[in-house]
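The two complexes that follow have chain A in common; it is paired with chain B in the first and with chain C in the second.
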Partner chain A sequence: MQVLGYRRRDGRVGVRNHVLVLPVSYEVNAIAEHITRAVPEAVTFRNQHGLNQSGADLVQTRRVYEGFATHPNVYAVLLLAWGNEPHDLKGLVEQARRAGKQAELIALETVGGVRGAVREGVRIVRRWTEERAAVERVEVPLSSIILGTECGGSDACSGISGNPALGVVSDLLVEQGGTSILAETTELIGAEHLLADRAATPEVGQRILHIVRRVEENAMKMGVDIRGAQPSPGNMDGGITTIEEKSLGCIYKGGTTPIREVVEYAERPTEKGLVIMDTPGHDIEQITGMVAGGAQIVIFTTGRGTPTGSPIAPCIKVATNSFTFRNMRDNIDFNAGDIIDGEATVEETGRRLFALMLDVLNGKQTKAERLGHREFGIYRVGQSL
Partner chain B sequence: MRGVRVMQRDDGSIAVRNHLFILPAVVCANQVAIDVARRNPQCKYIEHQHGCAQIGADLVQTQRIFSNLAINPNVFASLFVGLGCEGIRTTDLFQAAKSRTIRPIELVMIQGSGGTLSAQAKVEAWVQEQEAAMTVSVAAVEVEWSQLTVGLLYDGSNQEPAPEPVQLFVQSLLGRGLRMVVPDDGPIAGGSSDVFAHIDHGELATVPISVMKSGSHLLETATGLAAAGVHFIIHFARQPHAFGNPLVPLIRFAMEDVVHEKFQDDFDGLLGHGQDVDRALERMQEIVEGRPSVAEELGLDDFALYRIGPTV
Partner chain C sequence: MRTGKRWIVQNRLDDVATALVPMPAGEHIVDVDLGVQLRLLQDIPFGHKFSVREIAAGEKVHKYGQVIGRATKPIRAGEHVHVHNLESLRGRGDLQRLADEVREGKA
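Now for the complex of A and B:
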């Protein structure tokens, strides 16, 4: 099966053609904001990280930057820096260029101040937003697509309607040779044994058990029970009683195929098929990680109704019940509540969602895109120093 | 020595700015704040990635900071925007803040409003309502400097002593009786006779000199200072920077001539030599009395939150 996408020089396939302004530390957020206000066709996000980080935490943050700067949905990237960030930014520009992108670096300290940085940024970004029209969509195989799956603001319906329907989408995509990412390790707690049984190799099974144990241990270091945050108060209001119950509903998103690989946060899968990424349950840090890992599209099921998206990847919102679909009409693209209402089967609803995914891959805008959602957050694995 | 011209509110509190503040309590509510503030540029707001999947002391600290920001003295009225299912429980946060001030505090929940656009309409109606009220509720007054609290930020480590002009400047602030919040990673402090207290990050300052637990970087520390209740921040800088704070004017002085010369547009002044001190004090007074600081003029409002635990 084919869709229409952008074929990049490194062979990867994009479904959007964004001009991204990427602030590599909080020091330059305001500059990114000014540039994208002057050129609203470009996208950016607010970054609260990038300085005083070290070790594995620094490496992980750098991996996110790399994932965004070389992402196939990005046509061109302007890296904005303060000048004292602990990253090889010239190397990052080179990586983006090798991936076939227009890429430039502006550092506050070398460009002579805020006004100069904004002026220079606007000039570059404006040119790119004009030039990008020259790149056209071409037929690309569905096997080049990586889908990020997500559930947020879950309710008692999530594990019955939205997540199983998304599981059907995962299975259909995997059947076409594509990749589906199941993430949010916190919400695998209590279901890890079921997933480990589905691992393609014993090593993958061990990795699944390992990442679940790790997240539990990290929470214990805070001296409190993880159950203070999972299930969240909103999940409980929505009828979820325990983290295990939430997890058993959560894992439906991945469908029924074998688990081929377990990757770290923001790491690119090397296998096709169903892949697990180790992310927190936090919606935004999870989406950021999956997109940095190469997901060109995200499908996000929600029981309570959450509005968030990503600056560079379309995010399809799926309501798990008809009330939320009607109530959050501004934000929700698709109603899986038909399953609860007894009007459609999981299989039928899943196939309809798959068809919507194809439309969005081909260019149809999601509600989160239309509203300009651009949430961003990096999962931190170390205390800042 | 003359006092300082500031604003006094109906409740007797003193302010150097008069802001409407839209505070998303969770990342999912950012877009409501961003869009309303773009259409109503007089509104202040923050954008962040927090408010859900936090636990323990980390959650408690976040609640403290949000709650204290909402009642910063420069804020006339605050509006919390929540989603409805977030871990931070925005309704509780709103109730807690409301019980601590008689200034207007409001709450809009996105799920309860039926989506982003409906929530935005509610927030905009609130903005219009408050705008009418906010100008009549303040009076221009001249007060002693001791009525004001300043927060200090410093480039560099506490291993090195502050340059002499900076020390002179700080002594002069203390001499005027200004209350002070000093991050614990900075070198600047008062004399042995001053009353000190150590406070947690973003905890309200109540004594003349408070030493606050700093954040992991300058922007987080600036957030902590605003939450501690300072009226303005002085940043002694070795490098150019592009951040400010939405609620309190950030006044940035260069500590080195060459940096100041190269990035003049980005600084409010220079503290390179002893003779710069009086000029810097004068500029500080102008800004406190209403002249926009460079960070305000350049629109450098920004926010980062000091996290002390992992996201789950």
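Now for the complex of A and C:
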């Protein structure tokens, strides 16, 4: 099966053609905002990080920057820096160019400060937003698509309607040779034995058990019951009582195929098929990790109606019940509540969601895109130093 | 699965059912196939669970055919099952800390 996408010089396939202004530390968030206010066709986000990190955090932050700067949904990237960030930024520009992108670096201290950076940034970004029209969509195979699956603001319907329907989409995409990412390690607690049984190799099964044990042990170091954070108050209002119950509903998103690989946060899968990425349940950190890992599209089921999106990947919002679909109609793209209402089967609704995914891959804008939801957050390993 | 129903039991092994509409106390619940026959003892909000059998305190509770936690008090058939009578067995740093304190002679 084919869709219309952008084939990049490195062979990867994009479904959007974004001009991205990437602030590599919090020092330059305001400048990124000034530039995109002047050129609203470009996208950016607020960055909380980029400084005072070391070890695994520094590596992970860098991996996210590389994932965004070389992402196939990005046509051109402007790296904005203060100039003292602990990253090889010229190297990052080179990586983006090798991936076939227009890429430039503006360091604040080399342009006289804020006003110079905005002036220079607007000039570059405006040019790119005009030039990008020359790149046209061409037929690309569905096997080049990586889908990030997510559930946030879950309710008891998530495990009955939204997630099983998304599981149908995962299975259909995998059947076409594509890739689906199941993530949210915290929300695998209590269901990991079922996933380990579906691992393609014993090593993958061991990795699944390992990442779940790791996140559970880390959470337990706080000396509290994780209830309140997992499940959250919204989850509990929606009828979910324990993390085990939440997890058992969550894993439906991945469908029924074998698990081929377990990747670290923001790491690009090397296998096709169903893969697991080790991310927290925190929605924004999870989306950011999956997109940095190469997901060109996200499908996000929600019982409570969370509005979030991504700066560079379309995010399809799926309500798990018809009340939320009606109450959050500005934000929700698709209603899986027809399963709860007895009006459709999981299979029928899943196939309808797959058809919507194809439309969005082909260019149809999601509500999160139209509303400018461009959240960004990097998962932390340790503490800020 | 075309539910068309007011409630659902997701696996034959389950001890609980999920309300697919808000359900009033006193509603009669019958499913011959599952061997369930009871009256709801409380109002059950949309998406919340009720017990389909008697559950003893300390017993494991099943949904999706899997363990979702442990009953903290006896639960009657037809009773609302939620945070007031069901607790998680996982991620319990509070229990871990208590055990550590007992071992170290602090508690």
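In the analysis below, the second predicted complex is superposed on the first by the 384 of 385 C-alpha atoms of A that agree within 3 Å, B and C clash if a C-alpha of one lies under 4 Å from a C-alpha of the other, contacts with A are read in each partner's own complex, and residues count from 1 in each chain.
Keep this in mind: contacts are C-beta pairs under 8 Å (C-beta built on N, C-alpha and C of every residue); 3 or more make two chains touch, one makes a residue touch a chain.
None of the values given here were measured: they were computed from a predicted structure.
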Clash or fit (per the criteria above) of chain B with chain C on chain A: fit
Contacts of A:121 with chain B and chain C, given as first, second, both or neither: neither
Partner chain in contact with A:241 - chain B first, chain C second, else both or neither: second
Contacts of A:294 with chain B and chain C, given as first, second, both or neither: neither
Contacts of A:375 with chain B and chain C, given as first, second, both or neither: first
Touching partner for A:311 - first (chain B), second (chain C), both, neither: neither
First, second, both or neither for A:226, with chain B first and chain C second: both
First (chain B), second (chain C), both or neither touched by A:344: second
Partner chain(s) touched by A:190 [first = chain B, second = chain C, both, neither]: second
Apex chain A: angle to the C-alpha centres of chain B and chain C, given in degrees as a multiple of 10: 90
Chain B or chain C, by number of chain A residues touched: B
Nearest Cα pair across chain B and chain C, whole Å: 11
Set intersection of chain A contacts, chain C complex versus chain B complex: 219, 222-224, 226, 230, 238
Touching residues on chain A, where the partner in the complex is chain C: 155-157, 159-160, 189-191, 194, 216, 219-227, 230, 236, 238-239, 241-245, 248-249, 303, 321, 323, 339-340, 342, 344-346
Interfacial residue positions of chain B with respect to chain A in the complex: 27-28, 30-31, 34-35, 47-50, 52-59, 83-87, 89, 110-111, 114-118, 215-217, 219-220, 239-244, 262-266, 298-312
In the complex, chain C residues that touch chain A: 1-5, 8, 10, 18-20, 45-49, 63-64, 66-69, 81-83, 86-97
Contact footprint of chain B on chain A as seen in their complex: 26-31, 33-34, 46, 48, 51-52, 82-84, 108-109, 112-115, 117, 153, 186, 215, 218-219, 222-224, 226, 228-230, 232-235, 237-238, 280-285, 304-308, 327-331, 371-377, 379-381, 383-385
